[in-house]
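The first chain written gets the first letter, and so on, giving A, B, C, D, E and F; residue counts start at 1 in each chain.
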Amino acid sequence: MGVKQNILVIPSVLPADFSQLGNAVVELEKAGVDRIQWDVMDGVFVPNLTFGPDTIASARKVTTLGFEAHLMIVDPDQYIEKYVAAGCELLIIHAESTRHLHRTLGRVRQAGAKVGVALNPATPICAIENVVDLLDLILIMTVNPGFGGQAYISTMESKISSAYELANSFSHEIEIEVDGGISSSTVEGAVSAGARTLVAGSSLFKHPDGLEAAVTEIRNLAGQAKRKA
Amino acid sequence: MGVKQNILVIPSVLPADFSQLGNAVVELEKAGVDRIQWDVMDGVFVPNLTFGPDTIASARKVTTLGFEAHLMIVDPDQYIEKYVAAGCELLIIHAESTRHLHRTLGRVRQAGAKVGVALNPATPICAIENVVDLLDLILIMTVNPGFGGQAYISTMESKISSAYELANSFSHEIEIEVDGGISSSTVEGAVSAGARTLVAGSSLFKHPDGLEAAVTEIRNLAGQAKRKA
Amino acid sequence: MGVKQNILVIPSVLPADFSQLGNAVVELEKAGVDRIQWDVMDGVFVPNLTFGPDTIASARKVTTLGFEAHLMIVDPDQYIEKYVAAGCELLIIHAESTRHLHRTLGRVRQAGAKVGVALNPATPICAIENVVDLLDLILIMTVNPGFGGQAYISTMESKISSAYELANSFSHEIEIEVDGGISSSTVEGAVSAGARTLVAGSSLFKHPDGLEAAVTEIRNLAGQAKRKA
Amino acid sequence: MGVKQNILVIPSVLPADFSQLGNAVVELEKAGVDRIQWDVMDGVFVPNLTFGPDTIASARKVTTLGFEAHLMIVDPDQYIEKYVAAGCELLIIHAESTRHLHRTLGRVRQAGAKVGVALNPATPICAIENVVDLLDLILIMTVNPGFGGQAYISTMESKISSAYELANSFSHEIEIEVDGGISSSTVEGAVSAGARTLVAGSSLFKHPDGLEAAVTEIRNLAGQAKRKA
Amino acid sequence: MGVKQNILVIPSVLPADFSQLGNAVVELEKAGVDRIQWDVMDGVFVPNLTFGPDTIASARKVTTLGFEAHLMIVDPDQYIEKYVAAGCELLIIHAESTRHLHRTLGRVRQAGAKVGVALNPATPICAIENVVDLLDLILIMTVNPGFGGQAYISTMESKISSAYELANSFSHEIEIEVDGGISSSTVEGAVSAGARTLVAGSSLFKHPDGLEAAVTEIRNLAGQAKRKA
Amino acid sequence: MGVKQNILVIPSVLPADFSQLGNAVVELEKAGVDRIQWDVMDGVFVPNLTFGPDTIASARKVTTLGFEAHLMIVDPDQYIEKYVAAGCELLIIHAESTRHLHRTLGRVRQAGAKVGVALNPATPICAIENVVDLLDLILIMTVNPGFGGQAYISTMESKISSAYELANSFSHEIEIEVDGGISSSTVEGAVSAGARTLVAGSSLFKHPDGLEAAVTEIRNLAGQAKRKA
């Protein structure tokens, strides 16, 4: 099957009001998003600290949407089971965060979750060439992780293309996800290069016509770009 | 002046519903607490990750209560200004988290906040004997930090007493705070030993008669213990 | 009860022939030792790597002697259960090896073993003043750990005395152990200062009259020194 | 010359009885193995601690077989000379264990040993593309290192092939070694992909017909696979 | 434009008399060098400690030559602004020194300096394939960094060629620099492979005919090699 | 003998012109200083990088003054021999920089140098209570190390007194040194508390009447304070 072809629009909760995350999640569900991404940052792997398993678990009870945890943390192995227990159906491990990436990804599967891997902007695609058989998702970061609201790095599109080709040579289904600076002006480039799962933050939460319009806009632009590609 | 003698009751937000932290803070204010403690954990200094500056900042707008950040993180220096900007009037640095404790505490003051220092259960009181002149607060941990709901370690009371004596020999006002397992059954021991600022979590949030009753109960028991002492 | 007053003679296996550890253990049992110490070194906490749980477990089946593991390793928490499962009835944690010494010692107890703590030569006795209630044994290192055959540091005797006094003020039984350079010429100083459990390596294995004579000699000299003290 | 074409069968001693390693080594020599691999683990680079230079040195005197040390340790530079002094004729350095891999490998040669490099399952082959001229051996891990008895990761065969091609473009002789899950059912895949030096553990020690039969079986199956390739 | 084609000869100051660095810099300027490289080593990233921003700043006032800082340090992000403030117009970041290379390089630009990246001998060229658009210079190390006076590693020439091709596919100007063992006997190989900016240390300072002759010699040999290529 | 009673005035070279260190050293010798302190900083133990062994060695040939190296570096053990070879007769190790302080200090002696230990402002005096027999010098930091020109922390005087008492109970000669903010206005406090060896930087180099006058002034004020004490 190779690359999963459905367009998925997934919010990052970074721009939400953290004092009312439950409300934010409910609003996102109403707006028609496909899943929710939790940007887990530890202040060590990235220069910001956001939230951990208990925050995610607290939001688990207000929605039926799937949750993915984007683990921007050092030494992720020890926390895998906690994020699955918090209600995440998909865990995304940074290739730069573990000396034994193959084992870490295997442990995610063993814990009962789907398996994703993320690459920082500078990390070459070859970092994952030996683990694709373990993957449900490849996340190509289009900003340096740590903060919302950063500008899309368009030179990542060649890496998106490489990820697409690499994933498409496998017989199981793999999502190609992008995260960072995704908005109406960048979605075409990302999708043309091969992205199908689009994480958006500021462009959703700050859209003048509201969340639902924003989600629809991203989805439509992505659909058009995919048909052209 | 030495040790500040007012009894202060301060909730840890760890047991709150993290999907509605704003509501929790409003409820705590109504219940009559004196300040709010934010348990900042990074998953490296302690084996749990909770929340960082953006979560605290989001709650800043719903209350006029003072905020203290209990920084259970490695390398705190780089984040001091962010926690002050998030609205914390007091920052608590773990003595075990920095090679240059005197400098780190000085930076907290320079950033415009009050200065606290925390000691893990095993850490001897001599770890702070050279920095007391910089302090507004000494936090004696009565559990090993990382999680709410743990049992009070009563052997810490001799350390509380030592902190009391140490602080009382200085001419500026210093709070003696305890955190961990504080409830109606442990408050007497802690206050008798010298604690005056009491952080409570589970015992407040799980009290059968509600938050306000719980706060009042802790406050009254503490007042009685102080008078006896 | 305070300090346990029985003299115990305990071999370090460092000088043994590692290709026949089973034989060495059998010989030690015949020689009348009271327990066996396993010097676990990871090459990071100390500049030498020796052996881990599987080596200890392999020797478990050839003797009924008790085993103690002296863990000279970084991040001991993650390995506690393995050393207990390997057959150690007592685990000794270095105070310098963990940020949360009180928690680590508690985990040893929880795992079903007796609890010891070790202090490097430079580490002051106050490092353990808040954890004595958790302890079955205090190990005062009389050499810098890492290698067998080093010379006894006699200035540690004042620390041995401090440990003795500290332990003796508690109502449960605590062993005072020394390790490093213990031989017929140093045992008197150590025991006079308060040591009762004596770890010996080279002086046992290289004794001209054999292991049993060596053990008896240490035991007798220690007994005399204790009676004098 | 490129890839060394002789089939070599090499035991890992992990499944041996560590209380009688000398006997195990003698048995392995009788069984006709070509060299002995020592799995050196420090509990930091991998989640297990096995043995260090003194254990290897103790076995050195009971056999004339060559020894290789597979160094699964952090900061290997400081220990290179000790493993050579312990009697290892070949040292295998993990590419993930040093920031200056080219220098570390050069130091192995300078210390008087042959030079190998190992790659964790996730590590891409390009990690060694600039150091092949320094190598006598490339070890492609077919399990995540840390424990014996794990299952062979067959997707590593494409990396074995890449290593074969890379090595074969050089004019000096280089061994292609595999380690992890090698048994009668996996040897064909590994050899077909290009492996010639086969490390086996459980499949040797637990063979129903004994060590010698097991070694012969692996050797024969490997020979057949090589001829087909 | 791709690779910048001018030959530049740049001294490393490592062999200079550090008690009279000002004089050394003046001499180098007279000798006709094109820029000065400062080998900043911290004793952690490399096994030597040399000098930091204050040393560079002290030399800034005695010459109008451009300065480049070759940062052989861990965690370079926190020091970028200091090296720019010290008067460096170009900062060279090691690809192995930061988890977020793309961000670090962006910060150099933001601080107002030109952007270089360095690769240790073992580091593959793919480590920088996603950051070339940010670069003014690629430094291929031809020794393992840490000391002057080491021998040129000629196998790096294939990496120099790869860097040349990679850089030449971009439309902005990028220098290809080499550092380590550059002398009259190695410059041809390096330039033929694609190097245009040549860092030399011992071969300049120890040249029998003096600095100026040495610079001229390197420059001429490089010019010839470039024309042949 | 206990505390060495001679007043020694020792310059820190931090304020010197690093482009002409040789001249600075010659000037300092003319000004009558008793020894020269080299502030070795690695950018990791302290937030500044200064210079290492080669800089010190380059200045060794222009003076006959004794050199002391104040090692503000992580992992000092590996560099001890280099600083001795560079011409330092005294090495000062930070108590906070090594897990095995007793061993590190012993290695300094073994390398042929005198042995000093330094304490950061927050570090309690008990950190060295078990190593005094190894010491020729105790350095009480009166600023947080990293930069010249900082203000004297007068609360360190009680630690200076404790160091004096501790040292004076030993029978060999030990210097009590202070470093940080020492000037005509602070020398009395430091000497009254027990300091005898005074490190000064800015107050020497920026004195309106020149270096020699500055040295004489410090020496005289110290002499008066000592006589009063």
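Note that contacts are C-beta pairs under 8 Å (C-beta built on N, C-alpha and C of every residue); 3 or more make two chains touch, one makes a residue touch a chain.
Computed from a predicted structure; not experimentally measured.
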Between D-E and E-F, the pair joined by more C-beta contacts: E-F
Magnitude of the superposing rotation for chain D and chain F (Cα, nearest 5°): 180
Interface residue identity across copies chain A, chain D - same or different by half: different
Length of the line joining the C-alpha centres of chain A and chain B, rounded to whole Å: 36
Where chain B and chain C are represented by their mean Cα positions, the distance between them in whole Å: 38
Centre-of-Cα separation between chain D and chain B, whole angstrom: 53
Per-residue overlap in chain C, given as positions that touch at least 2 other chains: 126
Which pairs of chains touch, using the document's own definition: A-B, A-D, A-E, B-C, B-F, C-D, C-F, D-E, E-F
Contact set on chain A toward chain E in their complex: 45-46, 96, 120-124, 126, 144-146, 153, 155-156, 158-159
Chain B-facing residues of chain A, complex: 14, 17-23, 25, 40-44, 47-55, 57-59, 61-62, 73-75, 78-79
Chain B partner contacts - residues on chain C that touch it in the complex: 95, 99-103, 105-106, 126-131, 133
